[in-house]
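Next come two complexes built around chain A: one with chain B, the other with chain C.
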Partner chain A sequence: MALYHPFSEAIASMICALPSKILVAITFNLSLYFMTNLRREVGPFFLYFLFSFVCTMCMSMIFRTIGSSSRTISQAMAPSALITLALVIYTGFVIPPRDMVVWFRWINYINPIAYAFEVLMVNEFDGREFPCVQYIPQGPGYENSTGLERICSVKGAQPGLSVVQGSAYLATSFEYYRANVWRYVFFPYHHTLLQFSYMD
Partner chain B sequence: MQIKMCLARGFDRLRGDLSIFLTTVLGNFFMGLILASMFFNLEADTSSFYSRGALLFYAVLFSAFGSQLEVRRRKLPLQPSQMTDIRNDSRF
Partner chain C sequence: MCFFRTIILFCNSLIWTRDFGILIGFTVFFCATHLLTTEYISAAKSKGEVLVFRRGHITDAKKRAENAGDAEAAISMLGREANGDKGVDDKAVAAIQRQTSIFHWEDVVYDIKIKKEPRRLLDHIDGWVEPGTLTALMVRLLACEFIRRDVR
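Presenting the complex of A and B:
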């Protein structure tokens, strides 16, 4: 009989999964980030990479926790499917935080993906000015409107300006703010450690 | 000590069956390429606001649920050679 503590197997299997996770993170995020022309700066790229990876680890821990707390694979699939659905819907993109009904708002607060998504959005938009493409009003008769007569057609726009502040867009449509970012660095880690302590 | 043994066994298993490893890495890489080509070269102006949000949402979801298959339990007994290691180890 092999007598080893489940905890040692848990740690070992987590470490054994690291090479593939790191390799996946590098190949996936590198191609995604630079092909799509996301913010071409050093700091934002590494912050994006950090939070993607931390999010991967955190969710991996959550799934392992579910797996180790159930006896069979089919028993583990039901809660993991349910949790997946809740986490995807309450990340903050499908339903922006301000539109969440108050009795399900807590799902957003315990959702590690939501924190990662918020940081990625702030990381991408904050501190940038985006030139306006489409103005309101538009069409026949409005070609000559200038100055305060027109406004850009996206959220966060201000009358008369030809650029839109990224931070204004985030504040109006998602209520995301730069000030929250570094606070969230600790959340997924904390979550990871928490899940880790539950293992087997 | 136990961790070290399990770790050695884990890497042996990884090396013994590289197909899962390679499938994960290559599969995710191609998914990344497909996803990136859907949002290829976003313009740095207000027309790309919604696309940027959607792209980051997809990216974070892929990162998050890439490891969903880990819910399955993978508990195998130690190999006979490793068992004798444990038996002979005075610490157990």
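Presenting the complex of A and C:
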């Protein structure tokens, strides 16, 4: 018995969820962005906000689809747990895209969080230069090495340069454990994406 | 694309527009699947329906009261007589014959006037009601006017 189509109630539910989503996005992203001292520029901030919100909406739609295509709660729990795990692991942070095994690489391509993550990474790193903290070679006997004799110990470094291009770093690798200086930059994104993938 | 240079800092690559498009595409796609699945896949029916007042069924408590003829039951009987209420006795309810005849109708036509224009609510309707059940007749109106009190 249905005088209204079920999808009209679904649309109403989506609209009713919007204000709380916007409120959460504003409070969460504002505090996170400035507490972690991400790029203090207008453009990158709004781009960050836009992408994290669109990502929220996208994940919300995915989970709504899972929920509405299953008949019971237990039926919905299993696939949503599996899909969440796959999406988080194959975002590109836990496993950098270049280290993904070939037969699971496709998960990265159908992963909406991966696209948002890519944009957020470029948003933060592109066009920036980071001063080098640790050089290779290092240790006794190499204190006086200068110029082309040494290189920064970070992926994307070039011999003779005392800075590392953010874009070069991005292009080379996401291996954060070698870049101690920038480690903090990664965590906020990771947690943002985790947080948003579990929302709704 | 360098028109956007002040806003978007990586204007050399189209990564921003491409990824934004992909994300919006994902969102729209899953929104559509969500609406479709909502429409066509219904949730499992709840199995909570229980007929509370079954015909001829006497609860254990009532049976005990009748057998023992305890004070409470006696008082309630007295009260009923005092009020002059000759209502149906419990035993009489249990003794009502089970109805087996089927109520049915045919060619029922029902016309009403809404805003001075005639409208036919029931158009040569045939039907029947199973004995011992409660049947609700529901009408979906083209015009959104409630005339519930006219339809019995």
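Definition applied: the second predicted complex is superposed on the first by the 171 of 200 C-alpha atoms of A that agree within 3 Å, B and C clash if a C-alpha of one lies under 4 Å from a C-alpha of the other, contacts with A are read in each partner's own complex, and residues count from 1 in each chain.
One rule holds for everything that comes next: a contact is a pair of C-beta atoms (placed from the backbone, for glycine too) under 8 Å apart; a residue touches a chain by one contact, two chains touch by 3 or more.
Note that this is a predicted model, so its numbers are computed, not measured.
In the superposed model, A:Tyr90 makes contact with neither chain B nor chain C. Greater residue coverage of chain A by touch, when chain B is weighed against chain C, goes to B.
In the superposition on chain A, A:Val122 makes contact with chain C only, not with chain B.
Look at A:Leu47: by the touch rule set out above, it reaches chain C but stays clear of chain B.
The intersection of chain A residues touching chain B with those touching chain C, taken from the two complexes, comprises 1, 3, 5-6, 9, 11, 51, 55, 58, 64, 68, 70, 112, 116. Interface of chain C with chain A (complex): residues 6-10, 13, 15-16, 19-20, 22-24, 26-27, 30-31, 33-39, 41-44, 138, 140.
Chain B meets chain A in the complex at residues 2-3, 5-7, 9-11, 13-14, 21, 24-25, 28-29, 31-33, 35-37, 39-49, 52-57, 59-75, 77-78, 82-83, 86, 92. By the touch criterion given at the top, residues 1-6, 8-9, 11-13, 15-17, 19-21, 23-25, 27-29, 31-32, 35-38, 51-53, 55-56, 58-60, 63-64, 66-68, 70, 73, 76-77, 80, 84, 87-88, 91, 93-94, 112-113, 116-117, 120-121, 124-125, 130-134, 152-155, 157, 164, 169 of chain A touch chain B in their complex. Taken in their complex, chain A has these residues touching chain C: 1, 3, 5-7, 9-11, 14, 43-44, 47, 50-51, 54-55, 57-58, 61-62, 64-65, 68-72, 112, 115-116, 118-119, 122-123, 126-127, 167.
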